[in-house]
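First chain A sits with chain B, and in the next complex the same chain sits with chain C.
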Partner chain A sequence: MKALELFLGILTAVGGFVEIGELTFALNAGSKFDFSLLWVVALGTVGIIVYGEMAGRVAAVRKQPVFHLIRERAGLTAGLVTLIAANLVNMLTCAAEIGGIALVWQLVSGWPYRPLVAGTFVLLTLAVWFLPFKWIERVFGLLGLLMIVFVAAAVASKPDWQQVSGGFIPQLPKAATSSEMWLYAYFSVALFSSIVLPYETYFYASGAIEDRWKPKDLNLNRIIIIGGSVLGSSLAVALVILGSQQLSGREIEAQLPGTAALAAGISLGRWALIAALAGMVFAFGGAAVETTLSGAYNLAQFFGWPWGKFRKPREVPRFHAAWFILLLLSTLLILSGVDPVSVVEYSIVFAVVTLPFTYFPMLVIAADKRVMKSFANGWLSNTLGWLFLVLTTLAALCAIPLLLITHGGRG
Partner chain B sequence: MHKQGKSWGLWLVPAIGGLAILSGVYAEIMRRPSTAQAELRISLSELRSEITESGLLATHAKNGDPLRNFVREHAHQLEKHMRATVDDVRGRSVKAGEAKAGEMAARRGESALASLHLLGAEPAPSATVLGDVASTMDSSSQELSRLVSTLSQQPR
Partner chain C sequence: MNKESVDLMRSVLDHEIVDADDVPCGMVDDVELSGGPGARLAVEALLTGPGAWTDRLPWVFPSLVKALVGRHTSRIPWTEVASAGDRIKLKSTAKGLGLNVGDGKLGHWLGRIPGSEAD
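For the complex of A and B:
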């Protein structure tokens, strides 16, 4: 039974690492800078492991999810600002995922886009309403694993592995102009942000409480977060490699999910194309469920409402109304005609601004020996926690200027 | 530690938020004066990217074994993006004082759009047509590459 708990980590990681934003950012990072941004993927993976482990540990020991901590430690006003910002980012990301699913569905069915958006809304509503939390983890986590086809496609594209491994060493692009340097900085911040997206920790900690974790599950927590994150980062690395191998020489910039499927199809043929399309539907679906439930968790935990997917709607009506309204608003936003990929690119950049506000209260409580007793952070968690807090704060300060200087990452 | 959390809430949240917004405003004010030309170059690069991807799709449809629905619908999705980019190129080239170059690029874009339409048409185009589409895309993409590099070399 405990092995099945791994699906929480897989869903969190697949929904966090390879949602539509990460997919396009990773492909374009490879297309524009070959392997030289792989170190950012590695750095972001360590960051999400450090903070995901803390979030899971605090949830298992104290039964306190992230937004409870934010309200308790940062106070009402700062907490409320963080709540609004986090839920705006959740809504934008969820909207992009819904649009992404409709685009992929259109590639297979040929049906018109808007009815497919409405159909996606109905299917996601039914999934969240009827499936128990464990089955949400298993369905989206397991079927999202079809994305592994991108790893196979990356290997089949025969990259120079020495150059690939060289990409994990922090570096600047060689002989770059100043505008290329700005673009490199923008992609570094955006790729880092897309890996350590805050909703992953909200969802993971709330999921640990939904799954009724106890202090004896802390080793499982470590295995899940490390295993899930390494899996997710392998997919991100594969997308960077595919971007470099299939798109870089042709100077193609990925703007659609179909570009990623085409890259996989060129490397491995028809079945890889089909697996990539199906994998994207479930990975984007997982991310949509993750963001919509995160939004409801955040609201309920901040205002002290009872919450939980394991409770019946009549017991927790405000929690169930919250995720439904968030899903509906996200659908209406995407039905207004905005481009899903542009929406998610902006949401990722704005997400990085909310990161320090999410991570600091978590670090403070995870390190507090009076509260966590023998489960408090050790020296390694504290050192890495502070290091990543400084990095996310720097990224938060740079994100919006870089977005403007690089015309939204276009050049 | 609890006090540390409160001081974070009281001071650091507005400080980081304020600094992020102020630095954004500063970056916006200090943006390079030749924004119109830079934006034209970006639109031209996007058009080239869309044309190149369409050529790749045509080549894959000819040589590979893709799903017919995928080829048709991806062509339609690319067509929608390309149409918007061609309009963008026309608008931005006038603003940048490069109307002639913009019109030439837009004509290349229109020709690529016509080929892309063939790629998405039913019944499925023959291998010969797919080959023609791929070579039209290839020559348009090369033409746009030359145009982008000419614009990049011009003094600002």
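For the complex of A and C:
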């Protein structure tokens, strides 16, 4: 049964790495800069492994999810600002995922967009209400694995592997103009942010408590977060490769989920196109569930409400009301006619601003030998933890200026 | 609690409160103290609820946020605290102390929806 716990990592990673924002950022990064941003994917993967492992460890040892730590160590005011920002990001991301599912559904059925948004809302509500947490992990995690078709498509597109491996070395674009440099910097920050999205750690730590992890599960925690993140990272790398191989030079900008499916279809044919579309529905669905539940977890944990899918809904009514209201607000936002991809682009940039406020309390607690005892951070976790805290702070400071300078990545 | 002293900032304030059955029932949003200059300072009660935490916000936010979320505050006598550490554990149940009262009505309503008994 313990092997099935892997699905928490898979859902966290699929919902975090290949949601609609990552899908478009990674494809466009490949299309605009070929393989030269792959090092950012690798860097982000290490970052999410470091902080995901810490979040899971603290949850297993202290039974404390992320927003308890934020409230405890950052205090009320800074914690409340983080809560509002984090839930705004959750809502925007969830809205984008709902829109993404409706767009894919429309592509397949030809039905009008807005009723499909409403239909998506109904299906997601039923899934979160009726499915126990373990089945949410399994359904969205397992079916989101259909996204592996992008890895197969990337391999089939026959990239120059020497150039691909060269992309993992940090670099600047050659002979670039200043506007291209700004665009490269923007894509670096956005791609990094789309990989280390804060809701992944909120959801992962809460999921560890939902799954009743104990200190003896810490090895499992490492396997799950490394396995899930490497899987998600492989999908992101595949999307960058496909962006370079299929879209670069064709003046195609990935602004719709269908563009990604098309990139897989060009390499592997009709069945790959179908698998990609189905995979996207479950990956976006997983991200929508992840963000809406994260929002409810955050609120409940910050204010000390009873929470969790492991409790009966009538015992945790504020938690259930919270996720439902968040899902409803996200749906209303997307029904207003905003473009899902634009929404998620902004949400990803704003997400990076919340990262230092999320990571700092986590690092302080995980490193505190007084509270974590023998489970406190070792030298490697501490070194990497501080390094990524500095990197996320720099990214947070640069994110909004870069968004403005590059007109949202449009140059 | 039979300890003579406790680090209020590190081990009490902004910590989760759980009842005797380990059910979460709020955060320590403020602490009520007794005593004064020259007198022994003692913790009288823990305060939880929007009425308590909104007062800790800066500038004009206390009155603004109170208008939005209300001013309900629950008072938990310090004598009801069994232990303080990662979380504050109480000796009684939330129901016995009148905590989580809002959940009753909403929970009753949610309980009528199919699937509400599943866990």
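Everything that follows uses one rule, which is that the second predicted complex is superposed on the first by the 411 of 411 C-alpha atoms of A that agree within 3 Å, B and C clash if a C-alpha of one lies under 4 Å from a C-alpha of the other, contacts with A are read in each partner's own complex, and residues count from 1 in each chain.
The rule is short, and it goes like this: a residue touches a chain if its C-beta (ideal position, glycine included) is under 8 Å from a C-beta of that chain, and two chains touch if they have at least 3 such contacts.
Bear in mind the structure is a predicted one, so any value in this text is a computation, not a measurement.
Asker: Determine, under the contact definition given at the top, whether A:Ala367 touches first (chain B), second (chain C), both, or neither.
Answerer: In the superposition, A:Ala367 touches chain B alone.
Asker: Which of the two partners, first being chain B and second being chain C, lies in contact with A:Gly385: first, second, both, or neither?
Answerer: neither
Asker: Which holds for A:Arg62: it touches chain B only (first), chain C only (second), both, or neither?
Answerer: second
Asker: With both complexes superposed on chain A, which partner does A:Pro159 reach: first (chain B), second (chain C), both or neither?
Answerer: Neither chain B nor chain C is touched by A:Pro159.
Asker: Any idea whether chain B or chain C touches more of chain A?
Answerer: Counting contacted residues of chain A, the larger count belongs to B.
Asker: So, A:Gly75: does it touch chain B (first), chain C (second), both, or neither?
Answerer: Both chain B and chain C are touched by A:Gly75.
Asker: A:Gly286 contacts which: chain B (first), chain C (second), both, neither?
Answerer: A:Gly286: touches no partner chain.
Asker: In the overlaid three-chain picture, which partner chain does A:Glu315 touch, first (chain B) or second (chain C), both, or neither?
Answerer: A:Glu315 sits against chain C, while chain B stays out of touch.
Asker: So in the superposed three-chain picture, is A:Gly207 touching just chain B, just chain C, both, or none of them (first/second/both/neither)?
Answerer: In the superposition, A:Gly207 contacts neither chain B nor chain C.
Asker: Going by the contact rule set out at the top, does A:Gly100 touch chain B (first), chain C (second), both, or neither?
Answerer: neither
Asker: Counting contacts the way the document defines them, which residues of chain A are shared by the two interfaces, the one with chain B and the one with chain C?
Answerer: Shared contact residues on chain A (touching chain B in one complex, chain C in the other): 72, 75, 77, 79.
Asker: Mind listing the chain C positions that touch chain A in their complex?
Answerer: 14-17, 23-27, 29, 48, 53, 56-58, 86-87, 100, 102-103, 106-111, 113, 115-119
Asker: Show which residues of chain A lie in contact with chain C when the two form their complex.
Answerer: 62-64, 68, 71-72, 75-77, 79-80, 129-130, 132, 300-307, 309-318, 320-321, 371
Asker: Which residues of chain A touch chain B in their complex?
Answerer: Going through chain A, the ones touching chain B are 72-75, 77-79, 81-82, 103, 106-110, 250-253, 255-256, 258-259, 261-262, 265-266, 269-270, 273-274, 277, 353, 356-357, 360-361, 364-365, 367-368, 370, 393, 396-405, 407, 410-411.
Asker: Any idea which chain B residues touch chain A in the complex?
Answerer: Residues 1-2, 4-6, 8-10, 12-14, 16-17, 19-21, 23-24, 26-28, 31, 38-39, 41-42, 45-46, 48-50, 52-53, 56-57, 60, 64-67, 69-70, 72-74, 77-78, 81, 145.
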